[in-house]
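Note that chain A is present in both complexes that follow, paired respectively with chain B and with chain C.
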Partner chain A sequence: MQETENKMKDQKYIGKSAVRIDGKVKVSGAAEFIDDLDFGPDLLYAAIVESKFAHAVINKIDTSDAEKIPGVVKIVTGKDFPFRFGLYMHDRFIFAQDRVRFVGEQIGAVIARDAATALKAAKLVKVDYTELPAILNVEQSLTKDAFLIHPELRYYKHVPWFFPKGETNIAHLRKVRKGDVQKGFKEADFIFEDTYTVPRYAHCAIEVHGAVGLYDNSDRLTVWTASQSPYTQRNLFAEALAPLGLSHKDIRVVTPFIGGGFGGKAGVSMEILGAALAIAMKGRPVKVLWSRAQEFYNTYQRQGLTARIKVGLKKDGTIIAMDNILNWDAGAYVEYGANVVNAAGLSASGPYNIPNVSIDSVCIYTNLPPGGPYRGFGYSEFLFGLESHLNEIAKKMKIDPIQLRRKNAIREGDILNYGGKMNANGLIEAIDKVEKEIEWNKKETSSDPNKAIGKGIALFWKAPAMPPNASSSAFLKFNEDGSINILISGMEIGQGLLTVMAQIAAEVLTVPPEKIRVETPDTDRNPYEWQTVGSHVTWGCGRAVESAAIDAREQIFDIVERALGKDRKSLYLDDECVKSKTDTNFSLSLRDFIIAGIQKPDGSYRGGPILGRGMFMPEFTSALSDPETSQGGHPNVHYTVGASAVKIEVDRQTGKVKIPKVVLAVDVGKALNPDLINGQITGGLLQGIATVLYEDMRFNEKGKLINANFTDYKIPTSMEIPDEIVPIIIEVPQPDGPSGARGVGEHTMIPCAPMIANAVEDALGIRIKSMPITAEKIAMNLKHSL
Partner chain B sequence: MKPFEYKAVHSIEEACSALAEYGSDAHILAGGTDLLIELRKQNIRTPKVVVDISFIKELRGIESINGTINLKPLATHTQLLQSSILHQYASLLSSAASVIGSPQIRNRGTIGGNIMNAATCADTVPPLIALGAKITLKLKSGSRQLDLSDLFIKPYQTKAKPEELLTEISFLKLSPNAKSSFIKLGRRNALAISRLSVAAILFFNEKGIITEARIVPGAALPIWRRVTEAEQIMIGEIPSTELFKTAGQKVSEVMISHTGRRWSTEYKEPVIATLVRRALEQCV
Partner chain C sequence: MRQEIQFKLNGEAIALEVNPNEVLLEVLRDRLGVKSPKCGCDKGDCGTCTVMINGKTIRSCLVLAIEVDGQEVVTLEGLMDSGLTPLQKSFIEHNSFQCGFCAPGMILSATELLAKNHKPNKHEIQEALSGNLCRCTGYSPIINAITDLTTKKK
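For the complex of A and B:
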């Protein structure tokens, strides 16, 4: 383990709710988002020619009518860019080549002087198709004689931890085998099996995706994107466009503030168009801005899941065997989504210590929009089934559902599914605190005879899903006045990263966060970061910033030692000054020398600009393991755990659910900024509640998304916020985290669906095994149960 | 958005002249909360001329004259829900206005627009029909008055001629022996279209016996009407849960007899009965 330093000391800035440094610009409207950037009068606009079919062969594309529209500058199609791309598997093209695989897929683009003209002309591009049978669900996709969605699957380039099954629609199969699951079931006194389904979801970030590309006359490609992943984008652009002679050094990605990401703006989806169209229009910037409808059907969607869960227990409630089959509807392209399947597969036994485990997590192509990352990265989906199922088991075995969980909860040192050991964690403390706060043992009834009250609980865990060499880096530059600029490529996506990075540096350098400026990435200026995903940047990027600050501090001590002959071991920083433990009168203000250096009696100087450099790579991880069992590697850096409980009031006739109270306890290792964590807890809970009670994605029989708008795809408003939200922060330090911190971004959402399902069951005695749990579904289930 | 001509008018006369001139090519703009969305859709309903009546002062306001309330068509939902006259004499209408859309939509949207757009989910229409509202439609020459319940042909279609302008909605104040309520069921608590709604008024004599009942469900029937079949059950009776339950079931039966069974019927059938019962319970 790479231990962090200075975590046990008294801390001045860490653990305090520093005001977020991007707060004022955002509240005042000064913050710029992609659509605010001004590219001058030469800016061109692109509109997309989209597939009408879920599955079809493209015979011919006729652009002649579109070209006649005044204002149209150029029309680009697949033949102009016959290049594959993808994050973990190269299964996509920039534009469809001979085949389209989902409704809305990009076939071509019209570049015009204004957006309306581009849109009008795009509609005039005639595409001649031959329709193919579309596969719209996993059952259909897995049948023996199913049409192959990717006949060339076996030739696709992919990361070594994927196992595609050529000549099938299975893009990846993650198999986990721990212990002896058959023996486990033989020894079990009870076996419970059931199937739970989770449909697709949209991220619904307030800002749509957008990209502006400029390939200038110096052969430099700059792409401004609304993104969580500037460096990953640069890498994928470079990979895809390498045949045209571009190299990484020629490509620059700039990401201004973004209006929410939630995973949807990770990796590369539509942004590849910004890069490609710029290449097609050398010398002029080209802008592609998604409509809200496109935001729904051509970015990433959260994948659908059918989970068959089988659990074997001893009479006393000890779980001794679990066998889960997770069939994921991963959509038309899985270059990112297959890793969701992979990560979820490794952890789909939940935060429990189970000796015998078998998991098949299956990534299945369908002719629906591409699946991909969404806050929780597969964990929300399998937890719905698993945590619902545990309540059903508790009910049938007449064990209190919290007791069942406490009995089986994973503890430090327990063996994980891939053979590693569980990290230190506060899961039991979380269960205890949530149980108390929700008054678990107090049965409540409503004064209104139409209403039933129910309580539900769910545990959660999640590890960052990252390649073993995912790394972060940071530069820290001192300025003449002693202020600091920190350069990182971790992305501020609303979580407060910029503020927390300033706090981390402030703690090391004793410079208050108000004197530190941290800005959003520009790959020319800011050093490498893998991606802002997986709840890992506080941890990973935080370590890089901490080490950059330590690097700067050591340079400072070095200068003072060399110029003034002070023993560096006696030196320390306090209140923006260098001080000495042995010479208490000595105090040298940082601003006096961090650029100018320290003058010697002879008039010469020692020192020079202080420039800290920091890097962090989790060198203890590895994705190499036995493909048949997943044993042998160390794919996950650590798990963040917690528990959540809810009290609901449900209308017995209409099925409408109201939430008087919800509690969530999460072990964050160390709360670097408690206010920001409380914000994550509140936001995560609301997003999770939205998916279970309101959001309902509908496709027609031709695979077309029919509610790609906010009128028909309902997300909650401020009127649906629970009456009371109680965030509980637990701090069992993560030894290798900055000041002991670990990530918390996704964890606050993932227990919501099963917790609500369990509360509905508690209130009404009905078990709903498919999401969403809408008012209508509750009322219908109740009616049929009577 | 297809191009269209925009014409602002500043008096009722000017508005009627414009409508007479353009006929079915024209569409009236009041608050714009429905029309502007239609215009963006680029569909065939896009009018050639948009006649903006929002500047006409005579079409604004809520008047109380003796026993009658006159609503002008440009009265916004916010004005309805804030009106003390309506709170006192037609509280079901202010309740209905208070659950339309969001504050922004309530600030823009007008009662005239809500009526004339004739969407089955229009929230102010069931209360107005329960109140026995009459409307005045004005032509360039002359005008006519008709019962609001006679205005509608089918969803999004009224008997008003393209040349006619809605100038007034009027109804009698509810007497102190009447109690009213409005219940709406949406998929969420704001910015939601009614899945079902119920407007109810009960009149009582001094012994507490129901002398008159009015029930108008919303988003349930092809066109709005009082469900007299259910209303009659209650006349001469003392309020009771059983009675209201029976009335609710009757409304549900009537709904099914009109709409037949659809995918949503399984849910709406019991729920409309429940909503009617609850609306009636609120009238006691």
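For the complex of A and C:
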């Protein structure tokens, strides 16, 4: 394990709740998002010709009527771009070729002088279809004689850790086998089995997806995108468009601020259209901006899950065996979603030490929109079932649900599902603190006979899901006045990355964060970052920035040693100056020489601009393992763990749930900026609570999403917040994290669904096994249980 | 059939020919280059296009440009004649926003509230902001910034 240099000595900037360095640009309205950029009067607009059917063969596309509309410049269809692409599996095309696989899939695009004309003409493109059987759920997709959604599956290129089953609709099967699960169940005193279901969800970033492409007359392609993944996009554009002779060096991706990501703007979804349409319209910028409806039905959706969970326990509550089958509704294309299935499969036993485990995590094609990453990357989905089920088990075995969890909680050194060892963590501390804060042992009743009060708990864990060679890099440039520009391609998606990176560099170089500027990426200017996903950039990009700062510091000491003959070992930085432990009178301000150099008595100079460079790759990881058992590799860098508990008040008549109090404790390793972590807790909790109380995607019998807007797909407003939120930060250091930090962004959303389900059960005695747990569902269940 | 309208935008007199079906949000963003109002849903659900007409917040995606003839329109840009307002400063201090996309609309709604009610309670703040969706913050850091500003001793 590569250890970080910055030990937790006295720190001046790390661990402090600094204000965001992007605070002013955001509250002043100066922050530019993709749709705010100006491209001049020759900008063209594209509108998409979309599939009307969930599954159909395209016989003919007639564009003649659309071409007659004044202002239409060009119409492109699948035949213009017959290239397969994808992040982890090449199963998509830029436009549908001979077949459409979900309602809303892009078949072609009309490019026009203005958006309204493009839209009007797109509606006039006639597509002649032959309908195919639409497969709208996993059960149907898994039947023996199911129609094949991807008949060519076995030929698809994919990463080596995927195992597609040709001639079926199974795009990937992650099998985990640890210990001897049959023996485990034989030795168990109790076995409990049940099935839990989770529907699809939408990210609902308030900013929609957008992309603008310009392929100029010198063959240079620039694409401005609303994205979490500029370098991954550049790589995929280059790969997908390689037949046209594009090289990485000629492709530039610029990502201004984005209005929320949550995984939805990771990888490449509609942004490929910006690149492709620019190629089609050489010399002119082309803009594609999704409508709110398209944002719902043609970006990644959180996948649906049917989880069959089986748990074997000894009389004393020790979990001895677990056998889970997770059937994921992954949608029409799984180039990203299959890795959600993979990551969830590896960890679907939850944060527990279980000797015998069997997990089948199955990625299943359906004729619904493509699944993909969403904050939590599969963990929210399987933990709804698992954490609900553990409460049912506790109830049946008459054990306190917290005791059951504490007894089985994973500890440092315990063997993970793939054979590696669990990292140092504060899970037990989190359980203890949450238990105390929510007053677990205090049974509460409402003075209103119509109201029932209940409490619920859930544990959570999650590891970043990333390829073993996912890396981060950073440049750090000093300016004449001693201020600093840091160049990274980690993306500011609201989490506060820019601020925390400034704090990390500030700590090493003793330059305060307000004198450091960090901006959003431009691949021409900023060095490589894999993607801003998986709660890994504070950790990975943070290490790169830390090492760039150390590199700059060493250059500074070099110059001082060379120019002034100071003993290098005695030098240190303090308050923006170089000082010496042996010569206490010596103090040289950074601003005096970090560009200009240090003048020698003969008038010559030593030094030159200080330019730090840093890089980080987790060299200890590997995705290679036995496909039948998942044993042998080291796919996960570390797990972040925690516990959350809630107190709810339910109306017995209407089923409406109010949340007087919620507590979340998370072990962040080291809180680099506690206020920003509290922000992640407050925001993640509400996003998670919304998935269980309000949201879900509704499809009709033809596979069409029927609530693709904020009127029918309700996300919480300021009226829906819990009365009280108690964030608890735990710090058990991550040895290879910057100052001991590990990621926290996704984790705060993960425990919400099961803890509310458990609280509803505690309040009313009803167990709801399918999300969402809406007021209507609670009221109907209550009626039936009377 | 284009029609000339005259209105005040952030204090500046504007005269402009518009089509009767042109929406205020488009005119502000695409023709006048005022980019703080954003389009998040195009049907009045999300509040990112919030602007003020005669001191009252409205959804500029639901208003036709011809309707503002003779009116006074203020966007976030128009609040900062003498730099950031105390409210904006409080939002910075509290790290209230994450991605910042909802910020312009949210700030206008909060500004409208404080113009009418100098010491709003938590529920009043929640109600005033309920038309502005935010997916990042869980709203509490925004509400806290307003509460702190209005309860601070002068």
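The criterion applied here is as follows: the second predicted complex is superposed on the first by the 786 of 786 C-alpha atoms of A that agree within 3 Å, B and C clash if a C-alpha of one lies under 4 Å from a C-alpha of the other, contacts with A are read in each partner's own complex, and residues count from 1 in each chain.
Quick note on the criterion: contacts are C-beta pairs under 8 Å (C-beta built on N, C-alpha and C of every residue); 3 or more make two chains touch, one makes a residue touch a chain.
Everything numeric in this text was worked out from a predicted model, so none of it was measured.
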{"item": "Which of chain B and chain C A:Lys783 touches, first, second, both or neither", "value": "first"}
{"item": "Partner touching more residues of chain A, whether chain B or chain C", "value": "C"}
{"item": "Touched partner set for A:Asn450, first chain B, second chain C, both or neither", "value": "first"}
{"item": "Partner chain in contact with A:Met719 - chain B first, chain C second, else both or neither", "value": "both"}
{"item": "Which superposed partner A:Thr584 touches (first chain B, second chain C, both, neither)", "value": "neither"}
{"item": "First, second, both or neither for A:Leu685, with chain B first and chain C second", "value": "second"}
{"item": "First (chain B), second (chain C), both or neither touched by A:Ala775", "value": "first"}
{"item": "Chain B versus chain C as contact partner of A:Ser291, first or second or both or neither", "value": "second"}
{"item": "Residues of chain A that lie at the interface with chain B and also at the interface with chain C", "value": "711, 717-719"}
{"item": "Touching residues (chain side chain B, partner chain A) in the complex", "value": "102, 185, 187-193, 266-267, 270-271, 274-275, 278"}
{"item": "Residue ranges of chain C touching chain A (in the complex, touch as defined)", "value": "29, 33, 35-36, 38-43, 45-46, 48, 75-77, 80, 84, 88, 91-93, 95-104, 107, 125-127, 129-143"}
{"item": "For the chain A and chain B complex, residues of the former touching the latter", "value": "450, 653-654, 656, 694, 711, 714, 716-720, 774-776, 779-780, 783"}
{"item": "Of all residues in chain A, those that touch chain C in their complex", "value": "17, 19-20, 22-29, 31-33, 35-36, 38, 203-208, 257-262, 291-292, 493-496, 675-676, 678-679, 682-687, 709-711, 715, 717-719, 721, 725"}
